[in-house]
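Presented below is the structure to which this report refers.
As written, the chains take the letters A, B, C and D, and residue 1 is the first residue of each chain.
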Amino acid sequence: MTFPTHQTSVVGVSGYAGAELARLLLHHPLLRGRAPVFFGRPEEENDASTPLTDLHPQLADANGSKNLMVEPFHWKALSERGVDVVFLATPHEQSRAWVPQLLNHGVRVIDLSGAWRLEHAENRAVYKFEDADSTVTDATQRKAVYGLPELHRQQIASTQLVANPGCYATSVILALAPLMREKRIDLDRGIVCDAKSGVSGAGKTPTAKTHFMYAADNLSAYSLFNHRHTGEWLEQLNLHANEIIFTPHLLPIPRGIFSTVYVTLREQTEPEAIDACFHDFYAGSPMVRWFGARLPEIQHCVRTNYCDLGFALAPDKRRLIVVACLDNLLKGAAGQAVQNMNLMFGWPEQEGLE
Amino acid sequence: MTFPTHQTSVVGVSGYAGAELARLLLHHPLLRGRAPVFFGRPEEENDASTPLTDLHPQLADANGSKNLMVEPFHWKALSERGVDVVFLATPHEQSRAWVPQLLNHGVRVIDLSGAWRLEHAENRAVYKFEDADSTVTDATQRKAVYGLPELHRQQIASTQLVANPGCYATSVILALAPLMREKRIDLDRGIVCDAKSGVSGAGKTPTAKTHFMYAADNLSAYSLFNHRHTGEWLEQLNLHANEIIFTPHLLPIPRGIFSTVYVTLREQTEPEAIDACFHDFYAGSPMVRWFGARLPEIQHCVRTNYCDLGFALAPDKRRLIVVACLDNLLKGAAGQAVQNMNLMFGWPEQEGLE
Amino acid sequence: MTFPTHQTSVVGVSGYAGAELARLLLHHPLLRGRAPVFFGRPEEENDASTPLTDLHPQLADANGSKNLMVEPFHWKALSERGVDVVFLATPHEQSRAWVPQLLNHGVRVIDLSGAWRLEHAENRAVYKFEDADSTVTDATQRKAVYGLPELHRQQIASTQLVANPGCYATSVILALAPLMREKRIDLDRGIVCDAKSGVSGAGKTPTAKTHFMYAADNLSAYSLFNHRHTGEWLEQLNLHANEIIFTPHLLPIPRGIFSTVYVTLREQTEPEAIDACFHDFYAGSPMVRWFGARLPEIQHCVRTNYCDLGFALAPDKRRLIVVACLDNLLKGAAGQAVQNMNLMFGWPEQEGLE
Amino acid sequence: MTFPTHQTSVVGVSGYAGAELARLLLHHPLLRGRAPVFFGRPEEENDASTPLTDLHPQLADANGSKNLMVEPFHWKALSERGVDVVFLATPHEQSRAWVPQLLNHGVRVIDLSGAWRLEHAENRAVYKFEDADSTVTDATQRKAVYGLPELHRQQIASTQLVANPGCYATSVILALAPLMREKRIDLDRGIVCDAKSGVSGAGKTPTAKTHFMYAADNLSAYSLFNHRHTGEWLEQLNLHANEIIFTPHLLPIPRGIFSTVYVTLREQTEPEAIDACFHDFYAGSPMVRWFGARLPEIQHCVRTNYCDLGFALAPDKRRLIVVACLDNLLKGAAGQAVQNMNLMFGWPEQEGLE
């Protein structure tokens, strides 16, 4: 790869993650004067360009953001405009189909969809991809790095393709990784992850379940035993499907994920040892806030790129609860994507994220 | 008309007003043992029947409601099942097209849509009805009684067709009617009605504006100077369009309407006179609660069929604010429809509504 | 006990459960014409009576509820007014101190507090009761029946003192009782109960945690490993503290409890067997709705007295999730109290609750 | 005054506006490396210091904010630490008592309370100040500049005391100022301002009205005809009390103000003239976004320092609605305070606010 121009591009800027990407990139201190090239979602497109602030009025500011346009995607723009990183905020199928071509164009790709997160075909099966040419997709898959900086900082820095993690997966993996590395969990007893997410996680398309009348004043569980993020923690944590249960719930709030993770420890453990285990693991991770015995809450992490972690230990010193909170559109999507971009550009990973 | 069998039917039970109608009719003390005949929305229909509790799980009870079916509409059912009152919770166009035929079948109709509320063609224009045969629709329109019991109790009792009022219109008309009858308002100064409604008023179809992410944590105004309920207060209160401004806002709550109505009185008036004006007007109206100088709030009327009214008078004793609160799905729709049914059957109008 | 006069009384009508009790008793079909005697919370009292509808404007109706007064408590009123059932919606300490005297007055008591729910002193320790005379309190405790009709229908009918269950406890016990009776759970693997409750569960006193700014757009966990309802399921289900984890969370909704209960079955089990287990257990329980494989949601049970139950079984047929939903102010408090009253009066237990 | 050190201080950092001030000042690009001196609310204080992130966990970041302390106020700190601007986020009475002393210490003050906003004693009467020495307070009052940059940019730059405007007042004044300057409003017809605010406007102290159960799913009106911000628009716009009605409502959202302002124009006016009137007035005001005929909504301005304005004109071209939206904690409080600080320091007024 050549020396980066630091020209970014966002494909699919019309959705919630797209709006957050636009906001973060427009205000990124090391990208001053270099607005991203904005493209709409390919499937929504017509020939006309639209002002960015028509799609997202909250992005209008006094510095000329009113003149920014969202254009229909065209391949030529990538080279003409010197784009070197493309953020894909597109549906899974779209990302699966496009990424090989994008890589051929020499750009680096940070894909926010689930298209390239899973190494093993059986885990990918949930997406029902219909790959046109499996030689190509297999080769592309091998290039993909799972974009969780706290686990794969170095590989991210040097790859051409980052598969940005799922929002739930980020919370589950960050809650468990330190305990897994130290082999503290009695896996025979099973891990229970009871997760709750705000409505933005369901996307911008109006459906019966995103209707205010359905979501407000309600709580519901969904995708029991078959959520499509499941493969991510199985692969990243080397878990077997029978060792972990994951149940997502729909919260009546706009954004935020709260994962309550229950594990049984192999042996009686003092709280200080738990504290040290997490503290040490995340010592070099500026975007994880370890709360120790103070439990995190959604209100403190929402609209930030932090994943907040805390714990409570039963009097028997065997049963442990880890709570992970994050903003599903930031640490769970657009913020983490920018964190990955920072790593790819050799910048401090928290740049533009505080 | 023949002696009523008290067999009711609801067409379009799948929506929010439909669900409330089903609940009210199933629990109506004078309709015991006589469940309504439930039909779906004609435009949603296929050939199969659906259990009512699949559409509305909250209606399941220990008394066999699980066996109630929602059937595809068919004309024969009306006579075979001895239906004498049909509630239409259908789109405006549907009601406009069907009501003449329903009247020909000899049933009485309570139409919850806007199809028959407006006497004057210029007020109806907003609905853009394309009447197939204006002789028929004109004749039908002349039969229609505007179903606001507090104004038209007697005509409702004897008509074959009740046009159930709009939710906003109910609040505006009930707030102003006592003052208008006593000619207390200086109409040259103009009436301002600033109204706020919960999201159920926008219907069950998922749209960008009923998406939780749009409605929650937000407030927006819409339909400025052209809301389609406007004709209702113009006709019912004999107002000219220039004498009243109506601005609806979308509240981030499921249900409830709050109308803040500003008028200037012709002359200085003591609060006691305002109190007496409303108190006397609604003395025989069990479904209006006059709060006097205590202002109503949405929380107190929601899930009831009451319209709550209260007032505040400026120190100059000329400027008056009347607040009207109601539940848009009950006093603003299904509850008022049952109140009208009660009147048509010669029952106390609050029966089954407390 | 003498033949009941069916004169009820509510002590502590000012809170949320008190308001629901008032509403249910005023509309109870078998209590027509016999309004409860309403008393305030002893600790809030002064000498004056207050109109009930000043405390709870939503209770105003056209049938004279405006004339109902909430009086300062006085013992004479119990005999003078012929009260035979007293509902206590008072703080735990108050109930602990008063009930022995109330029983001496010959009235029956349904206590909504935690004062008399727990048989074993070690479980009661969490309440830190300072009993003046342990002979008296021990004797009273022995009379108390845990007021969960689905488990103790017959004892409730004949006791003088019902200890109405905690809201969380009702959901947890009803979710587990059928499986426990059939000894299907592998208790060595541990039960995880992840519960979520609306804000009304925290009571009416304004605190930092019931402030709208804290609760809205947020989720938090609290009382980890030490919630005071814990003793209820330990005693009712014969569980050891190490066999079950309970984690409550504060939901940004007014009312409703959603408990996600994770168990491991002793052996592989077909879904049909789970279905039969619950179906049979609750066959005679009109206030439990068994949803089978359709998961309940808060929106369907809220403002009803039902506890809704459903399940999901993992592909391994060993790991089972049971979901229990109920309205914490109804099946979790006031509704269940009326259900208990119905049993005490020999009436159908769902009377006045649908 | 001497050349500024740019050392800021916040007194009363524990409240909602205090938290926003802390956030804005900590991230202000021209205040790098110069954290504010944080003091608690004098009335809450004890002798100990508290970590800032204990009060506001959301402020924890990777750059050492964990070490910031909130200290008990002491006068010496002002000189020892070289403070030259003090933000007061304190109760009105506190600000009224302290500001004269602060000015004597040579610091500049931006007071967020209502203490110094009103020039005329009759408008201040609503606050019931008990000034110890009216010579001192009168002299101080004369120094105060009403801190609305869009009206008083130059005076703010050079004063020692800024009285930061009320949140409602900011929205009302910005909605009307352009029309008032061009004398377009028929004041005899009266101005109606129907305003709605999120719950944070009521402050952090838990009360019956800030309880989630009161505010959620509700709307209520309050302070009719006597809100204490009234004097601000009377003085700033030269209006008489009889010429404007202001009605605030409590919205079930955390933050945001939406003011619907109704005026009658002196003469028929084309929409283009309205557009030009506002466009020109705010041409040099970077923190006002003029939406023209597109109406603003709370969701687009919340968490920004913008006041968004838009309009709708009746077909009669005389009746005009102006909508103003802002975030009550930013443009309505802390953000505007920082905007004023920028002006006092000679910096671009939007610095650190986008």
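The definition used in the following text is that a residue touches a chain if its C-beta (ideal position, glycine included) is under 8 Å from a C-beta of that chain, and two chains touch if they have at least 3 such contacts.
Keep in mind that what you see is a predicted model, and the values were worked out from it rather than measured.
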*Chain of greatest Cα-centre distance to chain A*: B
*asked:* Between A-D and A-B, which chain pair shares more contacting C-beta pairs?
replied: A-B
_Using Cα averages as centroids, what's the distance between chain A and chain B in whole Å?_
46
*How many angstrom lie between the CA centroids of chain A and chain C, rounded to a whole number?*
41
*Indicate the whole-number Å distance between the mean C-alpha point of chain A and the mean C-alpha point of chain D.*
37
*Among the residues of chain D, which ones contact at least 2 other chains?*
214, 216-217, 252-254, 297, 299
*So in the complex, which bits of chain A are touching chain C?*
189-190, 192, 194, 196, 214, 216-221, 224-225, 242, 245, 247, 249, 251-254, 256, 258, 260, 262, 264, 295, 297-299, 302, 312, 314-316, 319, 321, 323
*Where on chain C is chain B touching in the complex?*
27, 57-58, 60-63, 217, 286-287, 289, 291, 294, 296-297, 299-301, 303-304, 306, 350, 354
*chain A to chain B touching residues, read off their complex*: 16, 199-200, 204, 206-208, 210-217, 252-254
